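Scrolling down, you'll hit the structures one after another.
Both complexes shown next keep chain A, but they swap its partner, so chain B is in the first and chain C is in the second.
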Partner chain A sequence: MNWDWSAVVDFLPRLWDGLLVTLQVLVLGSLISFTLGLVWAAGFRAPSRLVRWPVQAVTEFIRTTPLLVQLFFLFFVLPEWGVQFSAFTTGTIAIGLHYSTYTAQVYRAGIDAVPAGQWEAATALSLPAHRTWFAVILPQALRRIVPALGNYVIAMLKDTPLLAAISVLELLQQSRLESAATFQYTEPLTVVGVAFILIAYPASLLVRTLERRLAR
Partner chain B sequence: MTAGLWETWVLPGIWITVQLLVYSAALAAVVAFGVGLARTHRSRLVRFLATAYTEVFRGTSALILMFWLFFVVPPLLGWQLVPMWAAVLALGLSYGAYGAEIVRGAVGAVAPAQREAGVALSFTPWQRTRLIVLPQAVPEMIPPFCNLLVELLKGTALVSLLGVGDVSFAAYLVRLATQESAQIYTIILVVYFLISLVITRSMKALERRTKANLGVVAK
Partner chain C sequence: MPAETPIDTRPSGPAPRGSGAEEIIRFDHVTKSFGDNTVLDDLCFSVESGKHVTLIGPSGSGKTTILRLLMTLEKPDSGLIRVNGGQLFPADEKQRREVRKRIGMVFQQFNLFPNMTVLRNITEAPVRVLGLDKDEAEQRARELLELVGLSDKTGAKPSQLSGGQQQRVAIARALAMRPRVLLLDEVTSALDPELVAGVLDLLRDIARSTDITMLCVTHEMNFARDISDEVFMFDGGKVIESGPPERIFTDPVQERTRDFLGAVR
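On to the complex of A and B.
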């Protein structure tokens, strides 16, 4: 077994292409999960049980079933229903949808962690609802929400290789294409694995610093 | 969908998924306790190695690790892993790294006075860990371990990409055979949901049992 640096060099163009796609999926998927998570979180707080229960059931179902199967579901079933999306769009929606059920829990926990006295104080000062939310509750909830969201963005990054299963040209799929073309299996896959550590580790350090800063 | 597809693919697939879950959970538990306790070790070198392990395995993606064990390790070592065991190894090693964080956190949360009491009674370090620290730390680990186990269950679906005939792979084959996706994929999602329901229910029961041993009433 020998390590061939020229194979690494040959792989670099594909690596950059794959990295770009991975980061696009990550950014768009995060945006979907952040906003959709808000919708679910609002559903958790809805006054009517008719809203709360279905939202809880649906998010629980999505959260406890594998992203891979959900990917295939969307990829194969949506066209049967007459909705045609590209693999990239399907993958981004699937990953965003999957992680929205996590971010919803983050929002819920963040808001629940604001002491009840804060709500009572806002009522005592007869603040209007939007002032209560934007001036009192959210600034305190965000301190807990932001680092937790950061952790889920990192988790999402590590789940983007699943999109290779539906042929999205992200990092893993690029390494497989390279291997298929050059019969070099060791170098492309190892480079991609190391690339993930090189992105995820500093990102997790960043989130930890953020956590410490905001906790004060 | 015909009965033949059920019997040849879906039911054995469910069984393989359950087996994968049990084996990789067992490996992950060993790794979690080994590495997690190593992170509280006196020796700096042991702590450093354990931390490096968790950072590397938490840093990379489980799917890439699985592919790596399956495609890169064989030419490296000259022997080939059966796909099933490559999968168990990859899942156990990476989820074990997440588990190690849980173990470390729970062990760290045991009141220092408990450990000091062990010192005062001149327990050996191993006795302190086994008789004082772990009985108090384990109940605290169960809820996060429950979440991790559900994540692991979801992770087992990745093995279908290596050609292991788990329930996700069965879904793929059934889809090819029947040319219908909605039905089989809905069934498979429900199967995963039910398995995870069993996991969460039994972990809840386990939490109650371990807390009862401590004389604490679980919520």
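On to the complex of A and C.
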């Protein structure tokens, strides 16, 4: 096996394109999962069982089935019902939806960890519901929520190559196209692996710092 | 019914007349259970405005539950609760909120908001609930901090204060709402022994200098004797004896009261 630097150089334009797509999926997927997760978490706390139970059932179903199966389902089955999106859109929605069921648990745990006395003090002061949430409960829950969300963003990054299976042009798919054209596998795949390390490792350090800051 | 016994065990009916004092709290046939455990059993009593009432009795006798019902942290299974001329139970949430605004509570565990400064802890509710403007609320907060002896702590976070200081901030926070009724739930139980006296002295001052009606659950019998106009002895979900502290503490009628006082001394 020979390492060919010229193959690395030839791959760079595709690497750059793939990197942009991967980061777009990551940012949009994170936003979807953060927002939708908050909706699920609110659903968990709904006063009515008619809301709580379906939300629990749906999120549990999504959380316990593989992301790859969900990707294939959204990409190949939904069009039969007339719902058709691009591979990029489908992949981003799928990964955001999948991770929203994890972030929902993060929100739930963060909110549950705020002592009951805080809710009681808010009631004793007659604070309106939105002040109780936004001035008292969420700021305290955030110190537990933010680091956990950060870890899921990193996990999501490492799941983005699954989108290659539905031909989204992210990092892994770009390396496959490169290999298909040049019959060189070592260099593109290695470079993609290194690209993931270069993003994920600093990100995990950042999360750890954040965790320490917020714990104070 | 003599004026010094504002307990009314009659099934229902108007406030005691002739005493000149207005009734501010009334429990009518209130029952509350947690699972199989009935903590309040068809409880009826009333408290006159401005009185300081201490609830004593063995743990689990329902004292704290009474405060929690008044603060709407629990709901009664049945019965009627009125405070300050408004109905707390049964009532819709909107009505309950109006009545609740005039009730303050100080908790055993302080329950200050750790993400806010001392000053914000005190001004948050006056600004957001009573609609005071920020300067006015801060002015009021500074006066109260002076009253509780913590003028220099306005910018501190609760975690930087001792337990006794936190509890004094919590008292200031409750007073900032200008409550007509103040509920004190074992406010010194979580404090280190050397910090208890400061908090109790402060409460004595407040009891002496204001006309706030106080309902107090405590194990500090000397404090109870000092500040109370009236002591209610609870057992088995009922008031089994009530009267002025001089009598309850020195010459209780009920044997269970005698046993209890003997045990806590």
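Heads up, the rule we're going with is that the second predicted complex is superposed on the first by the 216 of 216 C-alpha atoms of A that agree within 3 Å, B and C clash if a C-alpha of one lies under 4 Å from a C-alpha of the other, contacts with A are read in each partner's own complex, and residues count from 1 in each chain.
FYI, a residue touches a chain if its C-beta (ideal position, glycine included) is under 8 Å from a C-beta of that chain, and two chains touch if they have at least 3 such contacts.
Everything numeric in this text was worked out from a predicted model, so none of it was measured.
By the touch criterion defined above, A:Leu50 reaches neither chain B nor chain C. Applying the stated contact rule after C-alpha superposition, one finds that A:Ala215 touches neither chain B nor chain C.
Touched residues of chain A, counted separately for chain B and chain C, are more numerous for B. In the superposition on chain A, A:Ala135 makes contact with chain C only, not with chain B. Of the two partner chains, chain B is the only one that A:Ala200 touches; chain C does not reach it.
Contact residues on chain A toward chain B in their complex (touch as defined above): 1, 61, 64-70, 72-73, 76-77, 80-81, 157-162, 164-165, 172, 179, 185-186, 189-190, 192-193, 196-197, 200-201, 204.
Those residues of chain C whose C-beta lies close enough to touch chain A in the complex are 71-73, 97, 100-101, 103-105, 107, 109, 111-116, 124-125, 128-129, 173-174, 177. Residues 55-56, 58-65, 67-68, 71-72, 75-76, 150, 153-158, 160-161, 168, 171-172, 175, 180-182, 185-186, 188-189, 192-193, 196-197 of chain B are the ones touching chain A in the complex. Taken in their complex, chain A has these residues touching chain C: 115, 117-118, 120-121, 123-128, 131, 135-136, 139-140.
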